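First up is the structure itself, then whatever we jot down about it.
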Amino acid sequence: MTIRGTLRAGLVQIRVLDLEKAVIHYTERLGLDEVCRTSDGRVLLKAYDEFDHHSIVLRQAHEAGMDLIGLKVENDAFLTELEQKTKEFGLKYESIPANSDQPGFGRRLAVSLPTGHRLDLYAEVAIAEDHPGVKNPDIWQKEPHGMGVLNFDHALLYGPNTKLAAQYLTEVVGMSKVEVVKGPDGESDLATWLTCNNKAHDIALLEHEQPGKLHHIGFKLESWTEIGHAADLISIHDIALDAGPMRHGVTRGQTIYFFDPSGNRNEVYAGGYAHFPDMPLRVWDFDHVGKGVFYYTRALNERFLNVVT
Amino acid sequence: MTIRGTLRAGLVQIRVLDLEKAVIHYTERLGLDEVCRTSDGRVLLKAYDEFDHHSIVLRQAHEAGMDLIGLKVENDAFLTELEQKTKEFGLKYESIPANSDQPGFGRRLAVSLPTGHRLDLYAEVAIAEDHPGVKNPDIWQKEPHGMGVLNFDHALLYGPNTKLAAQYLTEVVGMSKVEVVKGPDGESDLATWLTCNNKAHDIALLEHEQPGKLHHIGFKLESWTEIGHAADLISIHDIALDAGPMRHGVTRGQTIYFFDPSGNRNEVYAGGYAHFPDMPLRVWDFDHVGKGVFYYTRALNERFLNVVT
Amino acid sequence: MTIRGTLRAGLVQIRVLDLEKAVIHYTERLGLDEVCRTSDGRVLLKAYDEFDHHSIVLRQAHEAGMDLIGLKVENDAFLTELEQKTKEFGLKYESIPANSDQPGFGRRLAVSLPTGHRLDLYAEVAIAEDHPGVKNPDIWQKEPHGMGVLNFDHALLYGPNTKLAAQYLTEVVGMSKVEVVKGPDGESDLATWLTCNNKAHDIALLEHEQPGKLHHIGFKLESWTEIGHAADLISIHDIALDAGPMRHGVTRGQTIYFFDPSGNRNEVYAGGYAHFPDMPLRVWDFDHVGKGVFYYTRALNERFLNVVT
Amino acid sequence: MTIRGTLRAGLVQIRVLDLEKAVIHYTERLGLDEVCRTSDGRVLLKAYDEFDHHSIVLRQAHEAGMDLIGLKVENDAFLTELEQKTKEFGLKYESIPANSDQPGFGRRLAVSLPTGHRLDLYAEVAIAEDHPGVKNPDIWQKEPHGMGVLNFDHALLYGPNTKLAAQYLTEVVGMSKVEVVKGPDGESDLATWLTCNNKAHDIALLEHEQPGKLHHIGFKLESWTEIGHAADLISIHDIALDAGPMRHGVTRGQTIYFFDPSGNRNEVYAGGYAHFPDMPLRVWDFDHVGKGVFYYTRALNERFLNVVT
């Protein structure tokens, strides 16, 4: 295979204030399916087009936010290689044994990113019981429900030292830098979009004084029509809308943003271009960031910029 | 970057019986743009979402069909590595110097596949003048026209020895086997879908007695809505329809097939899943091939099966 | 109001061979809701965007087909006027008292059309309990399911004497002739599309030797995207596909045809133009009928032409 | 025919500050076609799915706004009837001879509405040279361009005495009241949607102290996908966006609002329900108006409420 090393963002653990409200939101509204619950009460979820055991974990907590984001890698040998390189790069990490807090997952390296986020790297995941099918498969095994999200796609992380984090994610983890928004100085990168594959991003970073903050987790939809359907569901079910339906200039994705019942921001999006590593970096000047993010209104609003969990 | 080695299908040269009719078909109908013409009268075309100098070449000839399909690789070092491995695998190849018959292209290895097709491997391509844009880019530089194809996507090749060809493409070139259709014996692979990236396929192979045959070249569209629009254009402009609008079971793509004025089959398609190398192989039994290919009618027709160029 | 006299096709009673299979088909697949069942075992259904008590009735019988189609008119005074004019025109009719065999319906005139079909004319219908909502209404009261049909739209009837039937429906009932397909003689109308409103048709007629035959009943969908979704459901649930997804030249509608478990043909369609009575008649020559009906393949198939119930 | 009396909104004359900029906006962006220009320099336009000679007129002026809106009626006899009833109702009107200021149009009654707007009623219009086609017609005669608007659809008018105007339009002109937004008192109608046909509205009225103001003119698009495409064109061509892409609760239409170069508000919209005169009135309480108009954000903005021309 030619997608090597690090494959994709495949795991995220989210803190929620009311677990049952969160389960209803992520299952009935977004369309994820509950896989199982852990002995410590966390709820494991997956999207219908994913083969891995689970991708989203909900944890009851006193504060919303993200516990960790995970990147799946090619194999255990590459994971060992990453451990060595991470040590050399100088980032702290912890080794998490297989089948401990993430059922179905093999051993993980829990790396402390300089942005204050925890990044879990892992190679082995058990195949989900409820997967897309491999033997004369129908296009779905049970009809998508709610917004019908296909898979967990990416996260936008807010924190300090994004330059160093981006250096680690490109030089060590092997991600590609796809787009950047320049700061007012025209030199530094205010925001950076990074991918492991043809997606426009698996992880995006935005420079921010508070460490370890989550701007949003993103899920994939089929097309603009499904974005409109998501918007209808958001209004009918009194979900807190943040922005959209709209398009991004960055990634060209069609999108809508909203909040889960705990205030964690969600995105469902569709379209956007297919990235390849031989494509040039796409660069946005600071004074074009409005159009880059909100392609239609061309003006960012305070809430979108500054509300994070 | 983690898309390594071989990146994607990026070049195809097609034989046409009437060059000017072909140019109208591929530019005004499919929506490609003419880049330039060569001294020997070939026409170079590209799609609006491609960065490379050109992707489609039309050559006037007495017989329709495909001269060559090209795969772009990571860099020249990998190309050198491929040359050595190709030699070891035992396939004949020719070295084509840079900027010879394909303007803007670096050196190529022209490998003779056991199926009778010519596969060109190359690392360097000049960036197109008319590309998607990288500095505060709008979502398109000029409005897509005709069917509005985004890029050249893949080809389905008919020929003998597909097992050996697939072995070369996976073991040497590094492609992933995504789906297969089993033959009546339940053992051999009648058809094989191979990819270098997240696409469901860059090259597909179908076992056939005649060597070097082309079933179709495929182009990407945004969504099912654009498939419908393509169908309207096909009828209005008296283009010979082959099959669709429909969906494939294999790849899950939404699609329509038609013929260029020389009888070469074209496909425009949208949707389908994103492939990752950790996904299990999807397998179709011979008696399910109808549903696998024609997901709605569930029955292949003779023309689709046997008309090739 | 300026939509006067006859409003729309609002009722159809269908004969089915297996009632429970039919109920599953029309509710879970098409997305109709069951309203209630009658003492004689018929099942009353409605679509989510309809205000009237019910629109579709399923009756268990030994032979598939249509018992009656109904047109709703402006008010009882107009119904009285129609009774007089029908008598003068010379068609037989029966008076059906209110709340007899169609719960929630006022008195009806059951007119015997010269094509051998029964046409029920009625003015009063009780409002459905489960209607779209009128007080700060959400866009739907419960989320559309299955194919999500919006409403019963029209029927295509096969029978003799369509010229006389069309004369009655235009001169007495007040429908507009929207499109016609000419017979081989270039004079007679082989097929006629008739409407009471902005729809392209409420009733269409095709000249056929057997009286009282049903070609299909049609339901409305939102857009081409929903046609594609319907096609997916047809394949997944092993529903017998007839033709499509495709477009009609006549009406310009985007459409797919399939059979209910008893062999009655269904259509779900979207789009098409808005008809107004000041628009000229659209005429199709006999040798263009293929394109008129199957806009993409441009060729009618025997099954579509001749299989009726 | 059963659409009787008054058929639809079919004509609007708009004042623009820069004629050539306006022509580019309405032809290249919205996709209307220029029919001809008058001796006094006005530009006549039509949409590709309209049969009438023209529907939109642009007039160079020092102030933006609307000169007149026109309703097409069934025939001259009904126009004569309307003249008598208008006199009895007590509204001033002028008789405009055929082929005077509106080429291709028969005689008109120019009625002075109590809201300060001019309403032209007319029965005869020459058929456009460039119409949708009636003989074995393709789905379009030339491919839709720009946003691809199908037809002029409706206008929202701001002015005083909307109650009296609505009384005239229903009792005399014969329009149906489809939806209303109640004022803070819960009694009066703050806004009223009126139709002549299956559309949700041909004319809407909003109570406002200044007479004769235009909120927007609306055009029809095929579906939500075309709304998204319109949004892309708005951003790429630096058109002043007002609101959307979004959905209305009122009419259920999917929509986007923007301004022409002179500041006149345009709407392109799709979807929405089909109205019939036997449907109950849909009523919005004053405190639900936000959701009624901006179904997603549920909050009206000042600009949308108060910027009129």
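We call the chains A, B, C and D, going by the order they appear; numbering starts again at 1 in every chain.
One rule holds for everything that comes next: a residue touches a chain if its C-beta (ideal position, glycine included) is under 8 Å from a C-beta of that chain, and two chains touch if they have at least 3 such contacts.
Keep in mind that this is a model prediction, so the values were computed, not measured.
Looking at B-C and C-D, the interface holding more C-beta pairs in contact is that of C-D. Farthest from chain A, judged by the mean position of CA atoms in each chain, is C. Separation between the centroids of chain B and chain D, computed from CA atoms only, is 48 Å. Chain centres here are Cα averages; for chain C and chain D they lie 31 Å apart. In terms of their C-alpha centroids, the spacing between chain B and chain C amounts to 44 Å. Multi-chain contact residues of chain A (touching two or more other chains) are listed as 138-139, 223-225, 232, 235, 247, 291, 295.
Interface residues of chain C, counted against chain B in their complex, comprise 223-225, 228, 231-232, 234-235, 241, 245-247, 254, 291, 295-298.
Contact residues on chain C toward chain D in their complex (touch as defined above): 1-8, 49, 51, 72, 74, 127, 132-139, 150-151, 174-176, 196-199, 222-225, 247, 249, 252, 271, 273-274, 276-285, 288, 291-292, 295.
Considering their complex, residues 138-140, 143, 223, 225, 232-233, 235-236 of chain C touch chain A.
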